[in-house]
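Quick heads-up: structures coming right below.
Each of the next two complexes has subunit A plus one more chain, namely subunit B in the first and subunit C in the second.
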Partner chain A sequence: MTNIEKGRISGPQLLFLVSGFVQGSVMLIDFAVGMAEKQTWMVILAGLLVSIPFVISYAALAKRFPGMNVIQINDIIYGRILGKLLSIYYIFFLFITLSFNIRDVGELYTIFLMPNTPFIFFLAVFTATCAYAVSRGIEVLARISYLFVITGIFVSISTTILLVDKMDFSNFLPLFELPFIRIFQGIHIMVSIPFGETIVFLMIIGYTNKDGNVIKNTLSGLLLGAFSLFIVAVRNTAVLGITQTIWTAPSFQSTRLIDIGTVLTRMDFLVGIAQTVLIFFKCCLFFYALLLAVSEILGLKSYMPLVLPLAGIEVIIAATVFQSPLDHAEITQNAGIIYSLPLMLVIPPLTLLIAKIRRLPESKGGKVT
Partner chain B sequence: MIFLLPVYAIILIINVPGLIKRKEWRELIAFFVFYTIAFVLGLMYVLDITIPSPMKGLNCLISDLLGLKYPKY
Partner chain C sequence: MTKTLTFKVIMCLLVPLLLSGCLGGGTEINDLEIVVGMGVDKDKDTGKILLTAQIVREGEIGSNSGNGGGQNAKAFWNVTATGDTIFDAIREMTHKTGNRLFVSHNHVVIYGYNIAEEGLQEHIDFFLRSHEMRPTAFILIAECDVSAVLDAKPETEELPAMNIAKLLKSHGYTSHFIEVNLKDFISCLMSPTTSPVAPIVEVTPGEESEDIYISGMAIFKNDKMVGKLNKEETRGLLWVKGKIKSGVLLVPSPGKQGKIALEILEAKTKVTPKMENGKIVMDVNIKVDTSLAEQATIENMTTLPGFEKMQKIQEEVIKHEIMAAFEKSKELKADIFGFGEMLHKKYSSKWNAIKDNWDDIYPDIVLNIDVKAEIKKADLLVKAPVPG
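Coming up: the complex of A and B.
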């Protein structure tokens, strides 16, 4: 079994990759704000608690099959036919989720920053940049990952500190007033989007060095990313209160209120920068995993020939997958989070269980089939 | 259309000579399959032809046929 990716990442790099990836969903917590309102912070914590065992199962699975990705693992555990079917399900998830994230960037720019520029322009430029970054390989992304993480955490914390005088902590009260189904849907969104999407690392963890301690680093990255999301949710609720549900992007709205002696104002540009770089990083990891998965399933020696054609397909799918931001939110809050649930919560733990029962991959004289 | 044709010509020039030189035929076939799909989708978009959304179909299957969806508030 040959590997398309020759690069290797270290344990701390894996930590920053996971953390940056989770932070890349900072804009997507807005999907849960409509459900959970002032209890968004609670939904993030509950979603994190639910996700932790599953994320550990992803890391444990990848650790059990060092140097392999999920496409190779599926073939070993489920056989060629069922394994390939599950891999196609995984590839569909990567493909469609990447298009959603690229679209998010286009919507961010056309709605908030440059409304007169054509939507497709942002999608094309952004995807071309991702394609360039991905063509450099996972090692380059891993080496710069800490910069993205520091940018995200710096913006979250600095804007929170600058907004302290605008915060009203009575905005969090009363607790537990919403119907349970709304909280449940909010938790479901959190489990499926920021935390469950870390399933993408089943294509990446296998390339961690042997001394990388993948479970510890994956979990630490998840917690660091969740911490950043939590700060943003607390800041938005404390500043905007119930009105955060009427804004398309509460983070932009809350940071627009920063006014320190009429000198430090319009700090929403910081949120724009942070969200752009974090979504860029997330899209790069999605794109990398997609390219690797498609190349693996087709038995190619390299993913390089597919980079530009797949980028072209992603741009058009991102431009046409939803009719409007409202359509985007409506579908993501229902079918978008339901269809991926088996992939995130059922298949990886089941695969790990089967591997343990069948004592794979060591069962055949210590050699991987 | 003015942008589409040069962009796809450049993609062809970047990838194909190297693949032929290295005799990577499998990679070349995969490249052409995805390249054709990308070009056709791009052309449909430019000519304003409706492109079916995969998410619409999935939404129809999950929410309408299987009835799996959250209530509206």
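Coming up: the complex of A and C.
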């Protein structure tokens, strides 16, 4: 067995990769706002609690097979045919989710920042940048993750501080009002979008150093990322109150309200910067995992020949898959969280269980790295 | 080495070209009409929307004081257009301006009296949806024609719209009105019970020019304007909302010979809703610190007994202001204080039973006002100057 990726990442780098990845979904918590309204903060915490065991199972699985990615693991656990089928499911998920995320960037820019520029232009430029970044390998992404995570957290905390005088914490009351089914769907969205998508790391955790302390670092990264999302959700509800459900992007609207002595205004560019950087990071990790998975399943020695073709396909899908942001939200809120569910919540724990029962990988091919 | 250096140099040269903006989206400042204020009124003849936009004439800004040549050279241009909706009218305006309107610096949105009485819901969507608009733009209701408000050239400011925004921001000096921005307005509008309020602006004829004057607040029931609060009533509202910054409290002197002006230094409000055997009681606790700013009476009020007496009267004055606002809101069945939301937040289970007939319950609310007033200082005098 040969490995396509030669690079190795350290434990702390893994922490920042996970954290940056989770924060990359900061725009997507708006899907939950539509469901959970003022209880969004609760939904984030509940979603986090539900996700923790699953994320631990991802890390434990990857730790059990050091130096391997999920495509190789599937082959070992489920045999060649079933393993390949599951891998194709995994690749399908990466493929579709990546195009949705690229589309998010296009929507962000055409709605808020540069409405006169063609949509496809943003998609192409953004994906080209991602392609450039991933072609440099995981080590480069890992090194830059510190910067991105700090940017994300800095923006969420600084905008929160600047908005303190506009906050009304009675907006959270009454604490429990919505019917449970909406909260449940909100939790479902949180589990399957920002937290469950960390399943991408099944392609990455394997390349952590031996002393990387994988489970602890993955979990800390998840918590750090969730903390940032939590701050954003609390800020939006406290500032916007009942109106937070009508905006396309509550984060933009709440930072547009910043007005410190009429000098410090129009701070929504901060959110624009942070969201661009974080989604870029998330898309890079998705793209990287996709490239690695596809080239692994095709038996290629390097993923470089796939970078440009896949990038082109992703751009085309992103540009044509939905008619409007409404379509996008409708599909993601209702269908997207269903098709990804078995992949996130069933297969990894099952794989781990089978590996434990069959005492893999010690009995077979355990020394191959 | 030289190859990478050349590459870097080429990249550096390319970056300014590639990053300087996109084709087709580039807009020069002289191709934009910068809008600082907008007015929405009803066209009396056709019943359509009559939109007024105040556009800055860049060339005239700051030139008036210079050579004093053009006395009539205004720094603004009020363009009007009619349309079925606001966006329709805005695009209609390009027939007159030739350039696209740039509304990102819009400070005020003024609605005409007629349109406010018919309902603002249809006419507020654009200002929130348009990506250039800010939710911090102030909302006002014009007592007279909207175009008259935007036409009244202020004495110290060059742009009427900026002048109105400046007036609104000065609400803290009297607390006789309050600024309301689009986001605040729709927060109340979207609430099932709370009635929105918005400042009323009118034009008063001055000696040489006309003055803009904010006379009180308009009360809305859902999205329709149903009544007005005068200055005292507005302050009553602000006492309960805890939004008093400063202001002049006029109290009659204990000896009934003159008036005493107290300056409000700080006010704190706590409202506790209570539901007892189906009766709704609102406990309003107000702590207010004032200073003796002026006494227009011959009695010397700068004494301990004088202070005590004044505090008592002051408490009565504040209670009176609150009750005036409350009576007005009871009359209109408009929950301007947001009592409904307070009950909703505290008694969420019982709330479901009463929320549907809130309009009928509202007038039966008992207001329990407790004011604690303290006079903290008397400024420079320890005795009033009295003829010897």
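By definition in this document, the second predicted complex is superposed on the first by the 363 of 369 C-alpha atoms of A that agree within 3 Å, B and C clash if a C-alpha of one lies under 4 Å from a C-alpha of the other, contacts with A are read in each partner's own complex, and residues count from 1 in each chain.
Keep this in mind: a contact is a pair of C-beta atoms (placed from the backbone, for glycine too) under 8 Å apart; a residue touches a chain by one contact, two chains touch by 3 or more.
Quick caveat, the model's predicted, so the values are computed rather than measured.
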Subunit B versus subunit C as contact partner of A:E177, first or second or both or neither: second
First (subunit B), second (subunit C), both or neither touched by A:K301: first
Which partner reaches more residues of subunit A (counting touched residues only), subunit B or subunit C: B
Touching partner for A:E139 - first (subunit B), second (subunit C), both, neither: neither
Subunit B versus subunit C as contact partner of A:I246, first or second or both or neither: second
Of subunit B, residues touching subunit A in the complex: 8, 11, 14-15, 19, 24, 26-28, 30-31, 34-35, 37-39, 41-42, 44-45, 51, 53-55, 58-59, 61-63, 68-71, 73
Residues of subunit A defined as touching subunit C within the complex: 111-112, 114-117, 121, 170, 173-174, 176-177, 240-243, 246, 253, 256-257, 259, 265-266
Subunit B contact footprint on subunit A (complex, rising order): 35, 92, 96, 120, 181-182, 185, 295, 298-302, 304-306, 308-313, 315-317, 319-322, 331, 333-336, 338-339
Subunit C to subunit A touching residues, read off their complex: 22, 24-25, 128, 131, 134-136, 183, 186-187, 190-191, 344-346, 348
